[in-house]
Amino acid sequence: MTHDYADRTKNGLHDLAGKLGLAITGDHLANIWEECHLPGRDAVAQVLDQLLSVLFPGVFGNQVVRESELGDFLLESLASIRQSLSRQIAMALDFRASQASPLLSGDPRCGANASQGSEIASRLLEALPGIRQVLGEDLLAAYEGDPSAGSVVEVLMSYPFVHAISTHRIAHELYRAGIPLLPRMMSEVAHSRTGSDIHPGATIGPGFFIDHGTGVVIGETAVIGRGVKLYQGVTLGALSFPKDKDGNPIKGIKRHPNIEDNVTIYAGATVLGGKTTIGKGSVIGGNCWITSSVPPETVVMSEQAERKRK
Amino acid sequence: MTHDYADRTKNGLHDLAGKLGLAITGDHLANIWEECHLPGRDAVAQVLDQLLSVLFPGVFGNQVVRESELGDFLLESLASIRQSLSRQIAMALDFRASQASPLLSGDPRCGANASQGSEIASRLLEALPGIRQVLGEDLLAAYEGDPSAGSVVEVLMSYPFVHAISTHRIAHELYRAGIPLLPRMMSEVAHSRTGSDIHPGATIGPGFFIDHGTGVVIGETAVIGRGVKLYQGVTLGALSFPKDKDGNPIKGIKRHPNIEDNVTIYAGATVLGGKTTIGKGSVIGGNCWITSSVPPETVVMSEQAERKRK
Amino acid sequence: MTHDYADRTKNGLHDLAGKLGLAITGDHLANIWEECHLPGRDAVAQVLDQLLSVLFPGVFGNQVVRESELGDFLLESLASIRQSLSRQIAMALDFRASQASPLLSGDPRCGANASQGSEIASRLLEALPGIRQVLGEDLLAAYEGDPSAGSVVEVLMSYPFVHAISTHRIAHELYRAGIPLLPRMMSEVAHSRTGSDIHPGATIGPGFFIDHGTGVVIGETAVIGRGVKLYQGVTLGALSFPKDKDGNPIKGIKRHPNIEDNVTIYAGATVLGGKTTIGKGSVIGGNCWITSSVPPETVVMSEQAERKRK
């Protein structure tokens, strides 16, 4: 009786597994290539965490790094990053090469892009000291821009912004190198942890700071100058986007705004459109809705809401 | 001396542990049932992750799944899910049965709902192929609705929306089956990871897409048609809610809006009220505040904020 | 040939590791002290999780706790917390003592603050029963304030608010004791998981509730009365802040608003300024922008957005 029941349920699962398997191999909305798997989300997060830990040892994660061991720590970490990252980049390139269309995935020819993967990974590593220097300017801007910050180290150890901007400056290098998938997966790891959604395509000058960070969205073609400060909930987004004759969105057009040097944008403001420029030194008040350019040195403010007795 | 000190501090902790223990067993704001524990947050997250991985193998988590092993992977995963989920459902039902009131928990009679738990778990598994098909329409809507998406696979591998809507379509099945606690715990796992807070009670048509997703709130009794697109920070919420004669909120009333087919709602807009309907094809601009119905094919826009020189 | 290649790439990494190492030891934007490491983010998260689990056993994490084992569980957890927390507090104090300026870190003299660390850790533990009692009032406020909550236990098991406010009430004790770094690191752990960014300095009365929670920001010097309810996306922030003659922000000024008893603030509203008080019993509507005081028993509402046919 028990045996019959076990068999029956097992059969039930066999049928179900078969049905699901057919659907999955039919539409290939999955990551089950026989040889060339794309890296899953956790694998990408792991390499990203290693990259963050060579930029700022001892800050992220649980590993204790002493100054006397720093050289060894960096050497080992860099070797491990290069190995993983080379493979992940190569797989992403193999995958793109196999795609018949954005909607249809083929079977990636594994290894075709191995040397390119390793070259681009090495180039990213070579860029790390320069990235770290720019991040130093960002950290200073954060300390100076937030009265509640007690020291630069407090910013480094606790602000989600550090995670968000470090990830962005890394992912942006991969984006510029033309790598598919991977930079966006990295930025989504940071988005999940910090609430700030910065597309890896966005161009962001040094001395940048986002305070609090939750709900911030910065679009792919946004261009941000030096010394810009954003607060939580700010959107630098698209106003609308043209579609081709088949009704599909046209990709690759400048859709997001330009923010010039030393602009401040307060909480919940929304700035939209690829032709919208916020001029140098301007201040955008909280909850403002902006869809056309603002001249330099301008203050934009929402009206105060109406009040009445209960 | 050291010994005295150790004893003294140990005694200090004994007293403190005793005081905390008394408080905990007194108000039962804890999950310490002798036999019938509710699943903790991590246990629920684990089953949810398994469910996501049979829908889209290789996408979430670190496990590599090859097409040739797909059948075995699915069969083993489904068996493991059924076992865990049956137990979690049964415990949630046992717990509810033991509650003298929403404020007072009794001691669950363990095992009373074992067969119902296993039946409902099996029914959820049977629903997975259908859920996956609807999710395919959501993925396509995301690709078509976002110019920065390079391919459907990029959406699948990186967009937080995929996690949010997949979790919702699973949790909604459990909600409809009348399971307490569990669906809400699942939706909060997704909320924590994606920033989108979709109540498991919400009814959502196919071809749905939330871009960016941080700060989106969709209430329990919201009803959303086909092909609806939301941006970050959109609230579909309650306007206010009636209380009974004792001042307690009356539960189970329609409190959240209806959003008809092909509506788009931009970032930070707030739509409130159970009698509020946004008509077919309408567009709600960013940061708008809506508390009454909007006819079909209507555009609603905030005013631009006032500008002045600094 | 292969050997040459390996050597060449190894050399490449040696140079790079050297360059990064020099930069790191030069600016000390890292946590690599020879003896006195600051706790990294994961270490702080671990102690915080233990603290949450003695407040509400069995709710967070995967560990099963039975009522019959509760005493042992609490005793062991408290001993482990005291040990870790004492060390973390001491390290944070050692670190601050070594700082020549907020921008310049010295080399902490390890152990100088060991006894203070252990004293403050013990004092925090002694405060836990009181903290738990206030949290009980918060849980009840959440149940009463949300019609979709089926029971107090549902709130406890699934609402992100529970994590956010429990963390805050712990971190606030450490903040009041003058501990640097640690309270802010704890609050950022909760921020990352819940989307609610509550500065450990904020003073918050009992019976508090934040529904949904994503995007909420509560500043360091905010003072919140009893029975206050906030929704997602609410900011209690600074309007602007004075700078000293060198252009640095002046720290330690009252910059954030006062919210009196029984105020409700709906989604996306922004209340700014240290001299802004929202009077007792007032209601602030969604998306409102408030930079001056509101009298008691007042309703503040945004205007409905303009509508037109497409």
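We call the chains A, B and C, going by the order they appear; numbering starts again at 1 in every chain.
In this section, contacts are C-beta pairs under 8 Å (C-beta built on N, C-alpha and C of every residue); 3 or more make two chains touch, one makes a residue touch a chain.
Just so we're clear, the structure is a prediction, and the values are computed from it rather than from any experiment.
Asker: If each chain is a node and each touching pair an edge, is that a line, ring, star, complete or other?
Answerer: Contact map by chain: complete.
Asker: Regarding the chain A and chain B pair, does the interface count as same (over half of residue numbers shared) or different (under half shared)?
Answerer: different
Asker: Starting from the mean Cα coordinates of chain A and chain B, work out the distance between those two points in Å.
Answerer: 24
Asker: Two or more other chains touching the same residue: where does that happen in chain B?
Answerer: 195, 214-215, 233, 268, 285, 287, 302-303
Asker: Spell out the part of chain B that touches chain C in their complex, as residue ranges.
Answerer: Listed in rising order, the residues of chain B that touch chain C are 9-10, 12-14, 16-21, 23-25, 27, 29-34, 37-38, 40-43, 46, 95, 99, 102-103, 105, 180-181, 184-185, 187-188, 191-192, 195, 197, 199, 201, 214-215, 217, 219-220, 233, 235, 237-238, 241, 248-253, 255, 268, 270, 272, 281-283, 285, 287-292, 294, 297-303.
Asker: For a test of understanding, state which residues of chain B touch chain A in their complex under the given definition.
Answerer: It is residues 54, 56-68, 70-71, 74-75, 78-79, 82, 122, 125-126, 128-129, 132-133, 136, 139-140, 143-154, 156-160, 193-195, 212, 214-215, 231-233, 266-268, 285-287, 302-310 of chain B that touch chain A.
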